[in-house]
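Two complexes follow with chain A in common, the first pairing it with chain B and the second with chain C.
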Partner chain A sequence: MILRPTREDWKLIGWGIGRVILAIGLLMLVPLAIALISTEWNTVLNFLVGIFACVTFWLVMENTCYVKRDLSWFHGLIVASLGWLVAMAFGAIPHFLSGHFKSYLDACFDLMSGYTTTGLFLLQDLDHVAHGTNMWRHLLTYAGGQGIIVIALTFLFAGTAGAFKIYASEGKDEQLLPNVIRTARAIWMISLTYLVVGSLFLWFGLMKDGMPVGRGLLHSVWLFMGAWSTGGFAPQSLNLLYYHSLLIEMITMIIFVIGSFNFALHYTVWTGNRREIYRNIETRSFAITALVGTFMLSIGFSKVGLYTSLTEFFRKGFYNLVSGHTTTGNSTVYATSFFKEFGFIALWAITLVMAIGASACSTGGGFKGLRMGIITKSLWGDIKSIVSPESAVVREKIHHVKDVWLDDALVKGAMLIVISYVVIYAVGGLLGTIYGYSPSVAFFDSVSAGSNTGLSAGLTTPLMPALLKVYYIFEMWAGRLEFMSVFALVGMGIAVVRGKRSGRR
Partner chain B sequence: MRKTRIPICISAMTVLVALISLAFLFPGNARADDRVSIVDLIENMKKYNGEVVTIEGEAIGDIMVRGDYAWITVNDDAYSRKSLEEGGEFVGMSNAGIGVWLPKGDTETIGILGGYKNKGARVSVTGVFNRACHEHGGDTDIHAQRIGLVGKGYRFDHPLAYGQLFAAIALAAACAFLWNVRRNRMKKTVRGE
Partner chain C sequence: MAERDGLESHSGAESRWRRWAEYALGILIESSAVIAISLAALLLMLLIKVIMT
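Right after this comes the complex of A and B.
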């Protein structure tokens, strides 16, 4: 029997979302500080409006939705899925006020792209944007990489037993420490340590390559945030091509590869178990699929004959392939080059690895290496059972931090998510084709949005049809939350319409 | 015979002088024919690869010095003429720019670079376009042979956004009111009312 949500359920959800929005308001203090230091007074006002709007919403929710109950799984799922959408609407306020977006929908598109670490953008005239606005773009992708629910958990949900429910609802089922609040803080500790170290490396690299000290520092932090979160944002419209630097490309590549690894893997390695890197199913899966992609890329490039040296293959081919595979989206070529210069095989090599994506419980998107590993192992088990005697019991296991035996429920769950990804990729690709874009371009950009990658073959511009913008927002959101929270939201819709009243008040 | 020759010579000379005068009157149109837009270069890389081209646009961002040479970025989109910060119109695209590799000494003419507070110097660059430059790891770039300053850069002020100021004050007042309501509610909860 489906129960209709009660008024208390709605209040709990509203209370939870209020806390998530407060976290967004607190995050805006960072770009506010940068705008103040840079004496960008209108940008300061934009962020003040954003912060006060978030705090107002939180206080309204606190005053109207306070109940003495803890969150259940259902509430957690709804808070995560709706929280992201409401956070998009509030986070877009300073973006829209910056005057660089034609419509509020465009500003929301960039916000969702940032939170979900996708990296596609509709902002116009990026090269004349304020430092404060640029800091917001990069900070929200950095924060979104850890998960905006994780941010809220770190500071604002202390002491609630239902915290794990909304944590897991954000597509993270790894608990590094027994307490979920401590897990959220551990994720932040890992990310902040890398932020300091990675930014320093980039800063020295940029100064060596001729950037001034002050702007070099800002660019290094922004580039780190874009790469680590696998968001792929960069402060200039030419993205990584702006720097013309092998050194910067190598450092960012190391950062986004590390950033694409599972947080549980990071924690295991940090606590001394270095062998886990080689044994883990996700790193093995990533290595195999990256190798296959590189092989396809080399065939494609050999046919085109444009990039003739190993350095060129690395900087223009391999870099963009790995950027796509880790669902980062940092790019060293023009968007149109993927379609016009790379050739059919290389273009589809990148599309394929984008679709597969990075690790589960990481900043990346896509099917995820863990699911590819589970499905491949399961298929291998089926083949073995066919060729084995009838009485033989064939069981397969994977190694992900610890050994896990495969069962039907695990394989079915992985298959359901992979099929869901394929469906949203395909619908987006078909929609783009119907609008008159080339199928290769339409599928490339659709896979890029759904896998939260951010590379574009030229379709994603402010002039693209509004329906495609809305669909891409949905793709980015559903892909980042790995569908479970989205299914819950659909379930809630059904419960509201067809559910029966429960006895409790 | 002599009587007819003189007027023909005079007419021919007049037409010639008029044509030369026209060329001086509209120099921009004549030069525009030689220039290539960056979008055209990017969309037709094969066609322009290895050719000497001339672009004209705003120098933006940074000058990155590498030994005796340097990288600059030149944008020639609509925002390079009037950015959104200066009150330019939306054109439905981001920027169109390209990296230019030039001798370090040539960067001294540039001065101010484009950004949030600055209108960058307008430069004209003539050089070899490379679809995939073998000297620079496959980058798409222009190796400058000649660079000229078309217009100096300058700083500009942003008029205060009063709409945002009023909104911030109104929302701050709402926050103060709601905070007070929350505090009273919490006091009542503590007292057990």
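Right after this comes the complex of A and C.
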């Protein structure tokens, strides 16, 4: 029997979303400060309007929706899924007011792309964007990488027993520490440490290449935020191609690969278990799939006679492959090169690794290395049981922080999520093909959106059809939340229409 | 009593510099893993290049 949500359920959801929006409003203080320092008065005004809207929404929710009850799993899932959509609408206000967007839909597209660490963008004239707006783009993706809910948890949900439910609903179902608030703070500790170290290296590299100190500092922080979060945003429209620097490419590549690692892996390595780095199923899975991708890329490039020297292959081929695999989207080639120069095999090599994606409980998207490991091990176990004597019991295990024995529920869960990804990739690809784009391009961009990568073969522009923009927003959102929260939201919709009235949930 | 459950809360006896040295070592190990995977990929690319030509 499906139960219709009660008035109290709605209030709890509204209260939780209010807190999430307050977190967005507080985040806007950073670009506001940058705009003030840069004396960009129009941008200051844009962010003041945004902050006012967020705080007003929070005040209304706090005063009308507060109930003395804790969040259940149902509430957590709905707060996560709806919270991201409402956060998109509020976060898009300063973007839209900046005048760099064709429509509010385009501003929402960039917001969702930022939050979900995708990196696709519809912003126009990026090279002349105000510092405050650029800081907002990169901060969004940096914060989104840790998770909007993680931000809210860190500062605004302390002491709430239901906190774990909304934390897990955001697609991060691993607790580093017994307490979820401490887990959220540990995630921030790791990210902020890397922010300082990574930005310093990039700053040094940019100054070595002749960039002025102040500009170099801003670019280094922005590049770090884009790479670490596996968002792939950069302050210039040419992305990494703008810098023409092997050193910057190497540093960003190290940052985004590490950024794509599981936070549980970082935590384990940082707290003394060094061997975990090569024992972990996700590191192994990533290494194997990256090598398979390299193999395909090498064959593809050999066939079309492209990037034949080792340096060229590394900078134009391997860099973009790994950027796609970690679902980052930083790029060292023009968007159209993927379609016009790479050739069929290399283009599909990148599409394949984008679909597979990064690690679970990381800033990245896609199927995730953990699921690939589970499914591969399970298949291997099935093969072994076929060739073994009938009486033999074959059980497989994976190593992820600790040894985990595979059971049907684990494999089924992994398969369900992977199938869900395949479905959204395929629908996006077919939709693009129906609109007249080449199937290779349509699938490349659809997989890029659904896996939260951000590489584009040229389809994603402000001129693309509005329906495709809406569908890509859906893909980015559903892919980032890993479907469970989205399924819960659909379930709630059904419950509202067809559910029966009940007492307390 | 010393807390053992957080990155920021190692036991009181451990000095601050040692904690940061552990973090630095962690960063170094993770970076080395990335470099090792990249080198393996480049070797594979060279191998394929030799075979294909």
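Here, the second predicted complex is superposed on the first by the 503 of 505 C-alpha atoms of A that agree within 3 Å, B and C clash if a C-alpha of one lies under 4 Å from a C-alpha of the other, contacts with A are read in each partner's own complex, and residues count from 1 in each chain.
Methods note: a contact is a pair of C-beta atoms (placed from the backbone, for glycine too) under 8 Å apart; a residue touches a chain by one contact, two chains touch by 3 or more.
Quick caveat: nothing in here was measured; it's all calculated off a predicted structure.
Colleague: In the superposed arrangement, does A:306 touch chain B (first), chain C (second), both or neither?
Modeller: Once the two structures are laid over each other on A, A:306 reaches chain B alone.
Colleague: Looking only at chain A, is it chain B or chain C that touches more of its residues?
Modeller: More residues of chain A are touched by B.
Colleague: Figure out whether A:391 sits in contact with chain B (first) or chain C (second), or with both, or with neither.
Modeller: After superposing on A, A:391 lies clear of both chain B and chain C.
Colleague: Once chain A of both complexes is superposed, is A:261 in touch with chain B (first), chain C (second), both, or neither?
Modeller: second
Colleague: Which holds for A:278: it touches chain B only (first), chain C only (second), both, or neither?
Modeller: Second partner only, chain C.
Colleague: Where does A:242 make contact in the superposed view: on chain B (first), on chain C (second), on both, or on neither?
Modeller: After superposing on A, A:242 lies in contact with chain B but is clear of chain C.
Colleague: Once the two structures are superposed, pull the chain A residues common to the chain B and chain C interfaces.
Modeller: 308, 314
Colleague: Which part of chain B faces chain A closely enough to touch in the complex?
Modeller: 42-43, 45, 60-66, 70-71, 73, 75, 79, 83-85, 88, 90-95, 97, 99, 114-117, 131-132, 134, 136-141, 158, 160-161, 164-165, 167-168, 171-172, 174-175, 178-179, 181-182, 185
Colleague: Using the touch rule from the top, collect the residues of chain A that touch chain B in their complex.
Modeller: Result: residues 40-42, 45-46, 48-49, 52-53, 55-56, 59-60, 62-63, 66, 97, 99-100, 102, 121, 123-131, 209-212, 215, 236-238, 241-244, 246, 306-309, 311-312, 314-316, 332-334, 336-337, 340-341, 461-463 of chain A touch chain B.
Colleague: Would you tell me which residues of chain A are touching chain C in their complex?
Modeller: So the residues of chain A touching chain C come out as 177-179, 182, 185-186, 189-190, 193-194, 197, 253-254, 257-258, 261, 266-267, 269-272, 274, 277-278, 283, 286-287, 290-291, 294-295, 297-299, 302, 308, 310, 313-314, 317-318, 322.
Colleague: Considering only the defined contacts, which chain C positions touch chain A in the complex?
Modeller: Chain C reaches chain A through residues 5-8, 22-23, 25-27, 29-31, 33-35, 37-38, 40-42, 44-46, 48-49, 52.
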